[in-house]
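Encoded as structure tokens, the structure appears first; notes follow it.
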Amino acid sequence: MALTKEQIAQRIAKELQDGYYVNLGIGIPTLVANYIPEGMEVILQSENGLLGMGPFPKKGTADPDLINAGKQTVTILPGGVFFDSATSFAMIRGGHVDLTVLGAFEVSDTGDIASWKIPGKMVKGMGGAMDLVAAAKNIIVAMQHTSKDGKSKLLKACTLPLTGVKCIKKIVTDLAVLEITNEGFVLLERAPGVSVDQIKNATEGRLVIKGEIPEITFTTS
Amino acid sequence: MALTKEQIAQRIAKELQDGYYVNLGIGIPTLVANYIPEGMEVILQSENGLLGMGPFPKKGTADPDLINAGKQTVTILPGGVFFDSATSFAMIRGGHVDLTVLGAFEVSDTGDIASWKIPGKMVKGMGGAMDLVAAAKNIIVAMQHTSKDGKSKLLKACTLPLTGVKCIKKIVTDLAVLEITNEGFVLLERAPGVSVDQIKNATEGRLVIKGEIPEITFTTS
Amino acid sequence: MNKVVANATEAIEGIKDGMTLMLGGFGLCGIPENCIKALTQTPVKDLTCISNNAGVDDFGLGLLLRNKQIRKMISSYVGENAEFERQLLHGELEVELNPQGTLAERCRAGGAGIPAFFVPAGYGTEVAIGKEVREFNGKPHLLEHALVADFAIVKAWKGDTHGNLIYKETAANFNHPMATAGKITIAEVEELVPAGHLNPMQIHTPGIFVNRIFQGVDYEKRIEQLTER
Amino acid sequence: MNKVVANATEAIEGIKDGMTLMLGGFGLCGIPENCIKALTQTPVKDLTCISNNAGVDDFGLGLLLRNKQIRKMISSYVGENAEFERQLLHGELEVELNPQGTLAERCRAGGAGIPAFFVPAGYGTEVAIGKEVREFNGKPHLLEHALVADFAIVKAWKGDTHGNLIYKETAANFNHPMATAGKITIAEVEELVPAGHLNPMQIHTPGIFVNRIFQGVDYEKRIEQLTER
């Protein structure tokens, strides 16, 4: 069974460590916040100028001056900080964010990522994605393994305009957890009930399979 | 009669305008603060991180955390601001300071300035002087026209290590007020009782004398 | 010192056709609502607007777009605006997209007298086209240039008569770096107090960067994505 | 998250011979007194110290100089220190002088992931020797490189358990840009409070930049030039 979006987020949450500063992109990455293990302190950075992002506000308490990078009303946790955009990207560019989780249209087996522009469609802009992928120490891409019409999104080379080159190290899809090394996509784990062959068929880029591939497990939280 | 240090400062104060942000160097420049015309609001910047520098503290109220760039205990006036060194030099380098007044060992008739290092003597460092002369929109040098042994400090070319090149526009010495143009030192005003010939003799660099040279007058304050 | 002006109309005096403006805000958060509205009341056009976003159809910069007062946008994300899309597709509007951090840093550099600097963002992408590439610490970087504006227009929470500004929460965003990079910087604030009423250790933008300031009126502070528990 | 350490001795753990340190402060204002004293109690030597000044003979960095623990200083102004002068003249100490604004910006750049940037300061002077010169807006500029340190050691007024820092008055100085540029950043504070006790709009250095924090003891806060009315 392919993972649900919630399960992809849940699997990514296993990568978190206590004291991590983490930037979560829009979409599946945002859901990771729901699976931070209890007792672990993870501080969420929102690139519009916020460290210590908390949950959405209680009904009736939304504050127009307190939003996240997705322009959603949010809250701030104790120990949080507000700052301007130049300072925010100083943190990001300077490598102070421990983990960035973001979505993608395509990833190549050399770690290139395309995530911001589809030719022929209206361009909305890259926002902070190029800064994040160019500078984060540790990036995990959360994505579907294939497009709706079954085409692989894990490619030899990206076909869409790039967001960054040779920057992605880890991918969690609905089918698998993969690491990118010089050899290509190294299969680490597979979704429960999904066979290695299914993943092979869904992966266009170089896929490395070494030994037995375990099924993904989730921390109970 | 050559001007005293106080009079040099007093003459420089005539260059101030309401609303000016001004950085005053150590020595004679510091004295300019004593001659800000009444009713005029001039905001003093100290490059260690202070806008709105006030007078020295009253006896017994000095605060070790509130100093100026000369490491003297000072005060802050209403509307003042504290900030860090990077921000401070962003102001300076970005051209936000309207006027910088500083001392010099030598100035050349092309606007070069030497003010930080005398070979053979212990080097103390340039501090913020190179940043200030490279970036201020408007710089006035306050200095003695000649050295103690009578040598001109207004030269064709500086002999000491430079602080900046082609940056000085105006000089107020104990003998004269001069502007630097492509033609050299243009004599604008002379100290009361000091003759044009005296200034000629004391100036090694190209000196331009056009028409009658008025005596320096002081605003009453 | 006389930085205080009566209102937005007085504040935007001198903004002329073809000028470059910086406008603070992120999405609709912290945008200079009063000045944008005042600009819509003028015939000024062919503006180049540096702003992280382009507002929505009927609010923020969307109002200036609707009036066709903008010729070019320099932004990082311009989604959520149908009129923007229409003008872009019809060639009525030019857009330069910058990575968000590069955009913020270009403004900061403009204010700080740093004409150019190297960043890793955008290397190997279309953003790199025409830009100098240089390797530092084994990693390729792009040379990016500072931005300055004829007028920077920002919005703060509190301000004083010296132009010192304090922003509320995430409304600092682009307002702070842009405030430093205007040849003339206009600040509209929710509350204007006399100099000395703000704590000098709590100022976000020192007044030296601000040329005109006024207390704005009727802030709508529209929320783009209301999310609640 | 566990940034809080017991004291200076614990905070400086891991500082080894030959490492590069940044030390905040301007003159004796805002210097990390506790950590400097703790370093004098260790045998660590051959340090490269990036600090705007070099302390005085018997206080601040002067203490490390006296112990001959410093091999090289990167500073803007090193006057007021006889032992410094002696070591320099005898070739026991190396000094790299930077314009003060360039020094501050190099630290800021180190923390902000900007490997190099152009500034006008120092063009045509000995500071320019060996540096790339490029003209921008008709004015020559020097290419300057970022500084990072193995350890950045800063002193703040208040701090919280997340490492958020607030400086008092002019004691922000180099402490803020340096705090961002340490591979490991140590902050000593006069008052350490639990996370949530500081106003999130009044933080000068966000805790993301700080790795270790402790409440210092016995601050002397020596005044270099006592001037009174």
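Lettered A, B, C and D in written order, each chain numbered from 1.
Criterion: a contact is a pair of C-beta atoms (placed from the backbone, for glycine too) under 8 Å apart; a residue touches a chain by one contact, two chains touch by 3 or more.
Being a predicted model, the structure only gives us computed values, none of them experimental.
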item: Where chain B and chain C overlap in contact partners, by chain label; value: D
item: Rounded Å distance between chain C and chain D, as computed from the means of their C-alpha atoms; value: 33
item: Gap in Å, rounded to a whole number, between the CA centres of chain D and chain B; value: 29
item: Geometric centre distance via CA averages, chain B-chain A, whole Å; value: 56
item: Chain A: positions in contact with at least two other chains; value: 76, 82-83, 89-90, 92-93, 135
item: Two or more partner chains touched - positions in chain C; value: 105, 108, 112-114, 119-120, 167-169, 200-201
item: Which chain pairs touch, all of them; value: A-C, A-D, B-C, B-D, C-D
item: Residues of chain D defined as touching chain C within the complex; value: 105, 109, 112-120, 134, 136-137, 141, 166-169, 200-202
item: List of chain D residues in touch with chain B within their complex; value: 26-30, 52, 75-80, 85, 88-89, 95, 97, 99-105, 107-108, 119-127, 157, 167-177, 204, 221-229
item: Residue ranges of chain C in contact with chain B within the complex; value: 1-3, 108, 110-114, 160-162, 164, 180, 194-196, 200-201, 203, 206-209
item: Footprint of chain C on chain B - complex, ascending; value: 18-19, 21, 41, 43, 45, 51-52, 76-83, 87, 89-97, 135
item: Chain A - residues contacting chain C, complex; value: 46-50, 55-68, 70-74, 76, 82-86, 88-90, 92-93, 112, 122-131, 134-135, 161-166
